[in-house]
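Once you scroll down, you'll see the structures, which are given as structure tokens.
Both complexes below contain chain A, partnered by chain B and then by chain C.
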Partner chain A sequence: MELHAVDSLDAALDVLATRGERCQVLAGGTDVMVQLARGEITPAALLHVERIEALRGIEVDGPITLGALVTHRELAKGVLGDGFRSVAESAATVGGRQTQVVGTIGGNVCNASPAADTVPALLVHDATVTLRSSAGSRTVPLSAFLVGRRATTRAPDELLTAIGMPATGEGSGDVYLKVGRRSAMEVAIVGLAMRLRFDEAGTVTEARVALASVGPRPQRATGAEAALVGGPLEPDRVDAAASAVLDGVEPVDDLRATAAYRRRVVPGLLRRAAGICAQRAGR
Partner chain B sequence: MTVIGERVPRADGQAKVSGEAVYGVDHEEPGMIWGALLRSPVSSGTITRLDTAPALAMPGVHAVITAADAPDAYAGWVLRDQRLFASDRVRYEGQPIAAVAAETLAQARAAAAAIVLDVEALPAVVDLEQAMTPDSPLVHPDWESYVPAAGPDFPRHGNVAAECIADPPGVDEAFARAYRVITDEFVAQRQYQAYIEPKSAVGIFRGGRYTVHTAHQFPFNVRDRVAQFLDVRPSAVRVVGHTIGGGFGAKLDAGLEPYAALLSRAAGGLPVKLVNTRTEDLLTCPSREGAITRIRSAVAADGTILARELEVIADNGACSGEMPWLAAIALHCARGVYQGGPTRVTARLVYTNTAPTGAFRGVNGTYLYHAVERHMDHIAAELTLDRRDYRLRLLFGDGEELLNGQVLHEAGILRQGFDALEALAPWADLEAGRRPYRGIGIGAAWWLTNPGPGSAVVSLREDGTAAVVTAANDNGSGAVSIGVTQIVAERLGIPPEDVFVTLPDTDIAGYDGGSQGSRTTRAVGKAALIAADEVVEKIKAVAAGLLEAAPDDLEVAEGSVRVKGAPGTRVPIAMVASTALNTVGPLQGTGSFVTPFPDFNPSCASGLLFPSFPTPTYHVHIAEVEVDPVTGTVRVLRYLVAQEVGRVISPDGTYGQVSGAVAQGIGYALHESLRIGEDGRYRERTLESYRLPLAVDIPRVEFVALEHPDPDGPYGAKGVAEGPVLLPAAVIANAVCDAIGRPLNSIPITPEEVLAAIQS
Partner chain C sequence: MTIVEPPVTTQTRYTGTPVRRTEDPRLLAGRGEYVDDVTVPKMIEAAVLRSPEAHARILSIDTSAARALPGVFDVITGADLAAVAGQQPVIWFPIPDQRIAKTHALATDRVRWVGQAVAAVVAVDRYVAEDALELIDVEYEPLPVVADLDAALAPDAPKLYDDWPDNVSGSLTYTFGEPDEAFAAADVVVKESFNHGRAFGCPLEPRGAIVDWDAFSDTIDVWLSTQAPNLARDLLSEVLGVPVHKIRVRTPNLGGGFGNKFDFYGEEVIAAVLSRRTGRPVKLIEDRRDSFFATSHSRDQRLDFEMALTNDGTIVGLRGISYGVLGGALGTVGSGPPWASVLTCMGPYKIPNLDVTVKAVMTNRSPYGSYRGWGVPKGNIVHERLIEIAARELGMDRAEIRRKNFPAPEEFPHFSGVAFTYDSGRYADCLDLAMSKIEELGWRERQAQARAEGRSVGIGYSFHVEPSAYGPSRILNLVGLAHSGFDEVTLRMDSIGKVTVYSGQINMGQGTHTIYAQLAADSLGVPMDDIVVVTGDTDSCPYTGYGTGGSRAAPLGGAAIIRAGERLRAKLLRIGAQLLEASPDDMEIVDGVLSVRGAPGRSVTTREIGDAAYRRLLDRLPEGEMPTLEEVDVFDPPNMATSYGCTALLAEVDRETGMVSLIDCLQAHDCGTVINPMLVDGQLAGGLAQALGGALLEELIYDDEGQLRTASFMDYLLPTAMEIPPFHFYHQETPAPDIPGGIKGVGEAGTIAGVSLVGSAIDDALSDLGVTVTRFPVTPPRLLDLIRAAQISASQAKEGSA
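Here is the complex of A and B:
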């Protein structure tokens, strides 16, 4: 296996332009090294991008831009501020401290695990991903980038370079809740992120709900979102959202939990998340 | 000055923390090559093709061996029902079929993978109840031909590998006149020992003998097992112990050692090393057995237990290990620590097409106490009695006579345990602090200290330090690195850092019964104390000449021999040791110790292989838990332990063992899932899916040591480390059921079951 260790974006894109088809991009390595050891991936080449300084930036004035190499640990510390607590909370639950200090947000997204913790949080913030190649650049919604279990629309010659999120406005609150068998170092049985925005009168004007570990990819629960919007966060509204949160979702039976458990737990998580969002929004 | 009961750093602590310690898995020998095993991919089947030629043709390969290359021998700790390799029939997933030795580990694994193996799958015996039915396939069609490793045969038949039955008179009569009959059934899953260091071994065949390097809890047992498998006398095998990265019972019987030994012979005597991958280790580890426990009590209106029936069906896996010996433990735990009428006990150990089960800290007791203590809560609830009061009313007292006729002379200690916890956390306050989804649980237990034999030689060195030669092993507990070390230091009047204890070597040290059942501090500490006594007498005899005093007027303390009452008249023991070289010869003493089994009634039960519990200890635990009503997860908020320990030798060592056992018990109760599919294969196969609890899941244990020094123990010590694992599943289950107001009778308690119960 070839190893290409690069320290500039151009060098990385050069490698991908010629070797992209059989090349595995390696950043923190917390997923890739495990997959290599298990024989789940057998790339002809590894492209080590971790030393590309240009991919480490964090812009927080106005819209958020995260370089692909921003680590979970940085996010967990809350560098994005109070409007993005779901992102911090999700990053803080990715593996343990050792994986958080090297694991990257770009890697977590590109790994496209059904259980990826940060993805639901990014989805409720309408995140976009920017992909670069020697030929050019494109920016697409994260929801369109992830197409299935371990599947994205990244072309072989593309590198995910940045993740963008619009600024959250006044009256917003967000949260990430994770269900596991123990209190840390868990692969999510279910992950649920929510973001609610309220107007001065307490009406929910914007709602986002996203789930991990219930299907082949993390996804928005648009039925629940629709149920939450349009009035104050009263019990009936939350009940309606809880009833709708699994619409179109077919929770999976796997080693970690049964589909039946996931069905039981998700509506309760939604109720809990709604309460926390309202509190954080000051409503 | 005494070091007993003082906080003394453990002798092996620095090396383990700094990374200097060489564990068994790190051990290398000059010229060493590597081995790998080909294991059965299915749990039951017939081998229809086994072709090793492709492996032999692989690069770097020195040897490939199968059943055809192994002696035609059966081995086993209690019953000789194991072959080294499967020959025609495979009985569990992971069973070795062939072994390869090659230059590198990668070459060995590649060669093992190149062996052509066809197995025609057969129906797997998995379900314990079905295994006992007359039409079940037999895991061992030849079971009748098997012989015990020692002693007379014991009750067993078909898929029942061992059976212990007590049927005293009066049970049915008592049920007939009962005010109420309370019935429960409990199911307990397996538990993987999940030590950090996977099993490994380096085997060397040289000079006609086998040497095995291994990090093992019981080197003499490895010696005996290797000898059985390889059909040689025990003295043809030497077992050299190394620093061990945890065992918890799983490293009491041989694992990879006989394979490494035979591979070395096949490879012309080159040392061969075998190391389990984590998945191999998990799949083939003798985990704690799964079991079904049924319990039925005839009670009077006031809660008096008029009679009881207890039935246990335990999973032996595909062969027997230590398990038949342990079946009788059901008899010793059937009433827990509470008085009751005649009790009928039926304990059966059942063969299945699954990995053999074996010893795990608190053997059999974890699920038996879970059953008994859950059942006590059930009775109390039915009769609307306070759970703690009810237990206190029926609690064993001094002089309690048990079902096997054994008398517990000091069982009144149990009440002191309840009182000690009451002082820390008054039950009424805990009850008053209850709110929705918060619950409390209480339970109590008694347990043994393993009586196995031990020995030690203590030598006084010419610089005033001491060496202790023993085959005892510090399995991480500190029993050697703190316990034995402190005991010898105390007796010789020297600092603990001046006591050096060997690692085990069956060629060098006398027999040792292994680090099991909390025995090492007590049994080996006692043997070392006897040896040190002899050294002290010799020191005094030599010093008497130097000090011109009578030996009886001398005392050994603070590194010197001094005249009692005239501490200024003294001679350093280093000088005594040096002088002795040229007068009486080197100063050393030897000690041996074994605890006799307490008296019991041999006719109380059939199949009574483990007849009574020596050196009893007493335990009371309380847990307070909070259930998350949204997720069904359980958080242990408080955990309290009162425990009889004889005498605390090391406060840190004692607390560490209690705390560690509680952590392991919390994992068993709440986190660790080791399920077996209908095909007999484990579902959890790595430490990613086998969830060990983390530090954040474990509260700081509130601990009270009860000290009633044992006149036969070194400085009064009894066993400490095993007992505290017995009760966490019991009291946490009681607390969870209290919290949600519904019964949950399975181990582990899963968020799925909790949430389903809450939402039902």
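Here is the complex of A and C:
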């Protein structure tokens, strides 16, 4: 196996242009090294991008831009501010401290695990991903980038360089809740992120709900979102959202929990999340 | 050999004090030496091919491509191994006329569990060896799989052993008193079926061996990660047909053992056979994935039991069956652990009528073996869960019903009704100590406040007994152990007056070296710094019956040190008396200085004693005194020593998700004389952490095809520091009457107490619903099922009454 350790974006894109088809991008290595050791992936080349300084930045004035190499630990510390607490909370539950300090947001997204903790939080913030290749650059919604279990629309010559999120306006609150058996080093049985925005009168004007570990990829629960918007956050509205949250979702049966367990737990999580969002929005 | 009674003036400078572990600095600095750190000249490395099938006939094995791979020295299959080695030994036969399912270290014609070894490669290094494994072609003919207990016991079940009538290896019933009459006359009978899932000790250092079979001297040098080097040596001799005196077993540092490394494994034999065939030392280290399949599994049991009581809460009878869900062959300890569950299912209570059965059942799972607690945690589930269910039924306080059934201190020694006689105890005092600490720590207020906030917080209890100091050799032989239970120690003072303790016990993190130095220093009257403890080499260290297991290193090794120390001390005093021209009766020794009592100016040091005994004897060593300063002691206990404790847990249940958080935990404990309170606390805490993991997280899950689905740390969840609550430990000391020094073992206490404890706390947190936890681990989905079922039946009852 070849190892390409690069320290510039151009050098990385050069490697991908020629070797992309059989090349595995390696950043923090918290997923890749495990997959290599287990023989789940057998790339001909590894492209180590962790030393590319240009991919480390965080812009927080106005819209957020995260370099792909921003670590979970940085996010968990809350560098994005109060409008992005779900991102901080989800990053704080990825693995344990040791993996958070090396694991990157770009890696978590590209690994496209159905249980990726940060992805639901990014989804409720309408995140986009920017991909570069030597031929050019494109920016796509994260929801379109993730297409299935461990599957994305990244082309072999492309590198995910940045993640963008619009600024949250006044009256917003967000949260990430995770159900697992352990408090750390745990793959989520269910993860739920929510963001609600209220107007002055307390009407929910915008709602986002996203789930991890219920299907092949983290996904938005649009039925629940629609049920939450359009009025004050009253019990009926939350009930309607809770009963719609699994519309179109076929929870999985796996070793961690049954589909029936997930079906039972998700509505309760949604209710809890709605209460926290309202509190955080000051409503 | 004369036994010297302990004199009244023994130095107790170290015993009972929290001396820091002398073993730690090296390990903390990363300078420990584990078996994989050992390199022997000309050593080559092996790897094992394991069966992907749970039950299959082996039709053919083609090793030619593997043999042809450059760097490969040898490839062996079961036929090659069986030509030079016998079957894997079993040492425990507790069930008379039991069918003993043995196999060779490599399967010969049939595999009976996923992960069973079928071939082995030895090559220049592990990488080449593993590459070669992929080139071995095994043709299997799958057979019907017996995936679990129900499948094994089904009337038309496929059989693991064709010449057996069914899959039951054996069954044994103990009766005591008149159980049928007691149950017929009882006011209340409570009954439940309990399950404990499969788990294992999971030492973070997997197992490993290096075997160097020297063809010229026909000797075998072994480096082995074992808790029982003498046992391993005897069993290697048995399997390989090589005399014991030609085998040397050395044990480097152990990165955890937890009973798993007590057992004797096929890999030791595989490495030996490969070494013999290649003429090279062979290293065979288990990797993490191997470890999940090839290291002994444990805990897997179903326990169907019922308890009979009178209306005042007096237990009058206990009966039931413990089903041991064994694997495809017997491990070293056979059906020992499920049998021990039956021996301890009455726990600390006086139960006059018993009818209890162990049934050992074979399945297509990995072999069952030793894990800290060794069956007793499941005995604890029986008595602690049932007594709480009874308390609920009778409307009694959970502490009160326990207290009512304890033997009083003056009733000891107390015969449990099945095999064990508990030596001593103040059970009610221990319970009271725990209850008073619950008050002091304010748990009841915390619980009340949480409940007022709508949170479900409960307090759980578990009273456990830990039969320790295994054990009187002849009694162990009588109940079916093909091995002994004594411990031997050599205490030697050298020519400059410094001391070496040689023991057959193994240190695996529990602090044996530290406590042995403490005990030797006090029994001799010398500074602890003057003492070195040597273990881990069968050539230089004495024989220990059994090994380091059964909570025996402290009481038995300790007692042997105390007894040898008393005799050696008497000799030092005699030589000192000669040097000081005094009577030995007037002599004392403190901190290595021997003086005439009342005349502190007249003194000599152990350095001068050493010189007189080894070098300049003339006029200094008393006539008739044997030169050198050495004492050997073999202590075979007349009875075991029963530790006990009362553990309490504050826990919170999330009714929406079934998640359990552990908030606070305490244990009041009595292990007789406490040698080192810090190390005792460490044993208690470590054991509890393992039990809490077993109660909530850890499970080796097999599917219907007999495939192990949780063979990684992603799916087999060990508890982390995040899950474990703070621990508070309180000690009372009731000396063991049959053990010199009064020491009782403490190595397994936490593992015994901690599983039923979690069930008790959850039941209490959900007391309004009437939930009873019977299956461990209590995962969130399982607990949510219980909660939902209770909620549904509660609402139905409401509707019914409306």
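As a working rule, the second predicted complex is superposed on the first by the 283 of 283 C-alpha atoms of A that agree within 3 Å, B and C clash if a C-alpha of one lies under 4 Å from a C-alpha of the other, contacts with A are read in each partner's own complex, and residues count from 1 in each chain.
The rule is short, and it goes like this: a contact is a pair of C-beta atoms (placed from the backbone, for glycine too) under 8 Å apart; a residue touches a chain by one contact, two chains touch by 3 or more.
For clarity, every value in this text was computed on a predicted model and none was experimentally measured.
When the shared chain is aligned, chain B and chain C each come close enough to touch A:A184. Once the two complexes are overlaid on the shared chain, A:T258 sits against chain B and chain C alike. In the superposition on chain A, A:G81 contacts neither chain B nor chain C.
When the shared chain is aligned, no partner comes close enough to touch A:G248: not chain B, not chain C. Legend: residue contacts after superposition of the two complexes on their common chain; A:G268 is shown touching both chain B and chain C. In the superposition on the C-alpha atoms of chain A, the part of chain A touched by chain B in one complex and by chain C in the other spans residues 179, 181-187, 189, 255-258, 261, 264-265, 268-269, 272. Interface of chain A with chain B (complex): residues 179-187, 189, 255-258, 260-261, 264-265, 268-269, 271-272. Only residues 629-633, 635, 670-671, 673, 683-684, 688-689, 691-694, 696-697, 750-752, 755-756, 759 of chain B touch chain A when the two sit together in their complex.
Contact residues on chain A toward chain C in their complex (touch as defined above): 38, 96, 179, 181-187, 189, 255-258, 261, 264-265, 268-269, 272.
Those residues of chain C whose C-beta lies close enough to touch chain A in the complex are 656-659, 696-697, 701, 709-710, 712-715, 717, 719-720, 722-723, 779-781, 784, 788.
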